[in-house]
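These are the structures, in structure tokens.
Across the two complexes that follow, chain A remains constant while its partner is chain B and subsequently chain C.
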Partner chain A sequence: MNKIIESIKNLSIGFNSQKGKKISILRNVSTNIKKGETVGIVGESGSGKSTLALAMMGYIKQGLFPLKGECLFKSEDLLKMSSRQLEKIRGRKIAMIPQNAGQALTPNLKIGYQIDEALRLHTDLNKTERDKKISELLNKVRLPSPETMAFRYPHELSGGQQQRVAVAMALAGKPDLLLLDEPTTGLDVTTQAHVLELLRFIAKDTGTSMIYVSHDLGAIAQVSDRIVVMYAGEIVLEGPARKILKEPIHPYTYGLLKSIPKLSLAGLPASMPGSQPQPGSISEGCSFYDRCNLATDHCKKNSPDLEYIKELDTNVRCFNHKELINQNNNLQTSITKKSNNSEAIEVLKLKDVSISYAKQKFFDQLLNKISDQNPTVKDINIDIKKGETIALVGESGSGKSTILKSIAGLLKTKDGQIKFENDRILSSDLKMRNPNDLRAIQLIFQNPDESLNPNHTVEQILSQPLKLYFNLSGEELKKNIIDLLKKVRLGEFYMSRYPRQLSGGEKQRVAVARAFAAKPDIILCDEVTSALDVSVQAAVLNLLQQLKEDLGTTYVFVSHDLAVVRAISDRVAVLYQGRLCEIGPSQNVYKFPSHPYTEVLLGAVLEPDPDIKPKLVAEDIVEEKPPEKGCSFQGRCPRKIGDICNTEVPPWQIGENGNAIRCHINIDELANSQQ
Partner chain B sequence: MLLLILKRIGLGLITLFIVSLITFVGVEVLPGDACTTYLEREAYGAALDACIKRLGLDVPAYERYLDWASNVARGDFGYSLSGEMPINEVLGPRVKNSLVLASVSILIGIPLAIVLGIITALWRDKLPDIMISTITIFSMTIPEFISATLLILIVAIWLGWLPGIVIIPSDATFYELLSNIILPVVAISMIMTAHMARMVRSSVIQVMASDYVQMAILKGVPYWKMVFRHVLPNALLPAINVVALTIAWLLGGVVVTEVVFNYPGLGRLVIESISNRDLPVVQALAIILASIYVGINLIADLMTLMLNPRLKSLQIRK
Partner chain C sequence: MESNLITEDKQKNKLEKAFEILKTMASKPSGLIGLAIVLFHVVLALISPYIAPYDYKAISPNTMLLAPSAEHWFGTDSLGRDVFTRTILGGRTALTVTFFGSLIALLWGGLLGIFCGLVGGKIDDVVMRVVDAFLSIPWILAMLLIVSLLGTSTEVLIPALGFFYGKGIVRVARAATHDVIAKDFIVSARARGHSNMSIIWNEIIPNVRDAILVEGAMRWSWMLLGFSSLSFLGFGVSPPTPDWGLMISNARGLMSFAYWSVIAPIVGLSSLIIGINLTADAFAKALGIDRSTKAPV
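Presenting the complex of A and B:
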């Protein structure tokens, strides 16, 4: 069992900078992969974890090259092999499961062909045997109707199905080592939990070693025997999964674990200051020095080596790790939010809102109406109070972003009204809204890379709303911009920077500042933290909360991440297929009784704790369209009681905690069965 | 799918109708008419009246348009003024000549462009790419009247290998044409190939950087197999539309090249009939060129639909 199958020795990988200097993005990495073991490699973006994983297959991305060290697979150095030799190993001995299977499957080739290709290259089976094997593999990864699946093109499958095909393809060559590069990132929570479950099963079933690369400690915790934590191209902590997650003795890992929002905890996670250093910027000392609260002068001058701690069977790269051994009991802390003293004034009301993406028929276009019996979003009734944070939660296709766009006026509603301040109806057409209403509702987008104009400096970006809404100019404009930057904790010198010169977190801060520049009453946040690293996410969440407490802004917060929603929101609305399932104060929505869909979602959340396993209660089928009648969740509901679910829209029931659930099952019965 | 084809054909016909209207109106609003240009200084009195009557210019414009349009629909473009012969007879040999020139250029140019594009992409920033790219950019930037003139100077005058201009009647046979068209073909191919090779190059480079190519490498697919199965089908799809536009451009008459080489194709006919004020021929040419563009683009779109599984099933799903 303890045979080492791949061994990385002092590996450094780097690139030549424009000045001709060698800059390493992977520094002196050494680790061993044993047979049958699953190793999790965790780190934030830029930590070098993907580079390391690809090097384990002897693949170095274009522009990079190995500086020193070796990747020994069964005592042969992959980095010295010819491409002919590598072709014999890749797919046969070491196989890869890519991050985004949707993009990693060749679009013009059928699923069956792509699996067959791997079989032809790596096995001696003949045509009929291969066909049988393809069905077998598709069956093994639990894809429905494997016989017809082989004749489909990649784009005809859902994200979860594509990921399963990638797994099947990797298994085709019966590899000894499986490399998984963020295999569940980008999938819905329930799908993610199912794919992870499948991977765990395969590891056990085939005895394959796995290397699981991810930024998500929750996913890593579920599959790994051993965890390697990377920071700025170095291994900073390495040891058994349980020890790393429960007793992290490196300050970075410690901070990372604290910055993850958890389902069991209300309140905001603690954030880590600063961001990861750029490759090449560290000349001496510990790479974590700038962000470390244990750092001493010694750390500034000397870089620590990996030190083996016998009691914990752990390697750690820190001079002061002993100080953390006793601190660990307060790993479960969080910053409590100031409860919002909302004066219960309703600032925004959605009344019977329906939205349809159906194409208008010719006559409807003339009459300017939409006739669609089964709109994407239907019957949304939400009253939003001043100063509260209301979250819309659901998987992709739940209509949460659609509702947000309608509030912003970017998407016309089919039916219903959006009322703003004292029951004034807001037109669903952006052009018909008056400038003050436009100012009052601002939007922050998911990806700051796309929402900030790359050709504008931060000053130009922030001056636009100020000029547009308040006609500011000259000194006053500049003063306001500096104030805004101060609010989002960025210094004055950021004014002349371009978005590309900022880190992900800084960019999102600028986007937040731009929204606040309009002095809005309501800010619509569309997955604002999902493109950010965990430690940065915590900082942005804290910033949003601080700004809200200071300025009394109302947030409508859209997210697929239940833990993040738990951390920031006062009230939660759960959506499935564009219909409301449950709505209530957040501490109650996360308690039972819950709508069966909320139950499924909560069960699938991955916590960074090897002792909390996800509960998989519903199938992860993807529904293309909401059902025409009855309950929206009828297709997947594990608690479906019968025909009534298919024919009648369930009634609203109010629980004793004040959360409203839309289900045919009596709320008390629901409470009993969910205990 | 069938519905889509019919829809596109319908749209194409509407485009042609609009083109015919515009050319007709354009000709109408020009000062003077066919008779004044034809008769020139004698355009007065009885001669003018007779001419107007003979050409039927005394009936209202819309009637003449309907009359002309219905004839065109039946394939009859009427009579040319300068030669007083049926336009179909004027056009016939010209269309054939342009077709010959275009198809030879296409047969040589397009495969060459694709091969060069692939080579430059696969050996990106290496010697073959640097050499080929320099040449293609060079031949792209030189205007065709200069490159054509230089070709004549070097090959025809200094070396004396080939005739400098095409001195054959417009109804010459295919074989007579062939020896004469080498220089025009080279001149055309230089620009056309350069443009398309650049296009193919960037398209292949883009696909080579995609996740699915990296995946294919990590799956252990041998290099050339990967290039042919995973890269080229995806990289050449967007090239189809560019190829179509190039073909349409070639068939529509490469005016400058034809004039420089004195080649009797459609392009030169355009120039000739415009300078002769031969308005019926101009009208006929406008319609023909427009239908070539519409037709070829239609074929290209359908091919893209057919070859791209993504678009195909999108159509089926609707």
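Presenting the complex of A and C:
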């Protein structure tokens, strides 16, 4: 059991900068992977975790090269092997599962054929044995009806199913070591929980060692025996999963765990200042110095070594780690936010809103009618109060973005009305809205890389709304830009920067500043923290909350992440397939009764705690289209009571927790069964 | 503190940026060679009227088909004209016609492409079909028709070449625009209520400009070949204009005993084509544009 199968020794990997300097992105990394063990490697983007994982299979990305150290797989150095020798090892001894399995599978070849290919390449089985093996593998990764699955093409499978096929292919060669690089990132919460469950099962069942790379401590916590925490190219903490998650004795890990929003905690998570330093920017001292609240002058000049702490069986790279021992109680705290003093003035009302993506037929187009009996989004009724944060939550494809777009006037509604202030109907066509209404509603997008023009400086980006809405120019414009930057805690010198010169968090701050430049009444936030690192996410959430408290802005906050929603929102609306399931005050979301879909979502949340396992109640099927009639959740509902769910739209009922739920099950019954 | 990657990439004004791009282009041998060749040709074209030792159209029966000598560095042609003079002036003709031709190609190709990418739908379909239909006509036949109707003056050749070489640019501009308009920063600008013109000018053009320019540079080298082929076939500029295609065509029959009259224009033409090609490649790389090589149309 304790046999070491791969050993990384003092590995440094780097590249040559434009100025010809050697810059290392991995510094002195040493770790061992034991047989049958699952090691989680966690770190923010740019911390070097993928570079390390790839090096573990002897692969160095183009432009990078090893500076020193070795990767010993069964005491042979992978980095010294010829590509011939490596070919023999990859796939057979070490297999890799990439982040996006959909892209890794060949689109025009059947699943069965692709697995067969892997078997032919990595085993000596004959045709009949291989055929048997294929259905065995498909069974093992728990794909439904493995017989027919082999004859399907990749695009006929959902993201979660594709990921399972990738696992099956990786297992084909019976590898000793399985590398997984962000294997569940991008999958829906429920699917993610299922795939993780499968991986845990496979690790136990086959005794394969696994390296699980992720930015998500929640996912890492579910599968890992041991956790390696990377920061700026170094291992800063390493030890048994439970110790790392419950008693993190490195300030970075400690802060990281505190910055993750948790379902059990109301209020906002504590944020860490700053962001990870760029490779090559640290010349002396501890790489976490800038962001560390335990830092002393000693840390500025001296770099700490990895130190073994016997009691915790943990390696830590920090001079002051003793201060964190027994601090674990503080992990469970959060910043209480001022809840809005609901004056109950309604600023925005969605009344019976339906939205359809269906192409209009010619005659209907003439009559300006959209004929779609089963629109993507249907019957949305939400009254949004001034100053509140209302969250729309649901898995991808549930219509969250669609609703935001139609509020913004980017998408025509099929039926229903959007009313703004004093019941004035907003035209569903952007061009028909008056400039003041356009100003009043602003959007912030998920990915600031996409939402900021890469060819504009921050100054140009921020001046657009200021010029458009307030006709500012010259000194006044500049003063306003500086004010805005100050509001989002960025210095004046950011004005001349381009988006590519900013970190992810800084970019999103600029996007936030641009929205606030319009002095809007309502800001529509579409997954605004999903593309950010956790430590940065907490900071952006806190910033949004602060701005709202200062300026009285109303947020419509869309997210797939229930814990984030819990942290920031006052009220939450749960959507499935474009239909509302539940709506109510968010402090009650996790108090029962809940709509069966809310229950499923809550159960699938991955918490960075080895003691909280996700509850898998519903199948992780993906539905293409909402059902024609009946309850929208009928296809996956674990509590379905019968035909009535398929035929009749369920009624709204109000629970004792104040949440309105749309289900055929009597609400008291629902409460009882969920206790 | 040591400068990190972010601060290495400081804010620069337009001129500095252009210089930076040139520097990156010249940092690789192929780019440096390309730039040097192009620079050489451009300088030569600019000064050629002042340094040409003879009159390019002076026919002289006494000096027919002389071999290279101290008086006539590249010898003389069958009409007794100085080949050196005609070669350097020929470069001027080629560069002028194709430079302005490329400019026209860039302009109409770029604008139409951006327009198609923007409007999408039916109009885009129809326009692209028409462009495709034009793509399928052998352009040399079409040029033949045009010059036989309108003559072979540069006022005809430049727009005609510009027209035919703009088709490829339409595709590139359209694709680039198509990619850009799906981006959230465009959605964001639309949601704010900016006018279409302002969105095209501020958000789209800065993001498609590089791809279009690179394509234009590439097309330039192809246009040069096309233009010279035309002249070679007798549909390009008319004699006695000094022109490489014409020179090669005229001297074709004399290859075996008066090779000098054809070598100079061939070297001139091929070196300029290679030079522009290398430069366009380096330009694309410096701008970070991935351009899979396509065959000339």
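We adopt the following convention: the second predicted complex is superposed on the first by the 673 of 675 C-alpha atoms of A that agree within 3 Å, B and C clash if a C-alpha of one lies under 4 Å from a C-alpha of the other, contacts with A are read in each partner's own complex, and residues count from 1 in each chain.
The definition used in the following text is that a residue touches a chain if its C-beta (ideal position, glycine included) is under 8 Å from a C-beta of that chain, and two chains touch if they have at least 3 such contacts.
Fair warning: this is a prediction, and the values are worked out from it, not measured in the lab.
On the shared subunit chain A, the superposed partners chain B and chain C overlap sterically. Of the two partners, chain B and chain C, it is C that touches more residues of chain A.
Contact with neither chain B nor chain C is seen for A:85 once the two complexes are overlaid on the shared chain. In the overlay built on the shared chain, the residue A:109 is in contact with chain B alone; chain C does not reach it. Within the superposed three-chain model, A:100 lies in touch with chain B and out of touch with chain C [touch as defined at top]. Contacts of A:647 after superposition: neither chain B nor chain C is touched.
When both complexes are overlaid on chain A, the residue A:169 reaches chain B alone and has no touch with chain C.
Legend: residue contacts after superposition of the two complexes on their common chain; A:279 is shown touching chain C, with no touch to chain B. On chain A, the surface touched by chain B in one complex and the surface touched by chain C in the other have no residue in common.
Interface residues of chain A, counted against chain B in their complex, comprise 54, 57, 59, 62, 83, 86-92, 95-96, 98-100, 103-109, 117-118, 121-122, 153, 155-156, 166, 169, 173.
Interface residues of chain B, counted against chain A in their complex, comprise 209-223, 229-230, 233-234, 307-310, 313.
Here chain C touches chain A in the complex through residues 1-6, 8-9, 11, 183-185, 187-194, 202-203, 206-207, going by the rule given at the top. Looking at the complex, you find that chain A touches chain C at residues 17-19, 277-281, 283, 408-410, 430, 433, 435, 438-439, 441-443, 445-447, 450-457, 464-465, 468-469, 496-498, 500-502, 514, 518.
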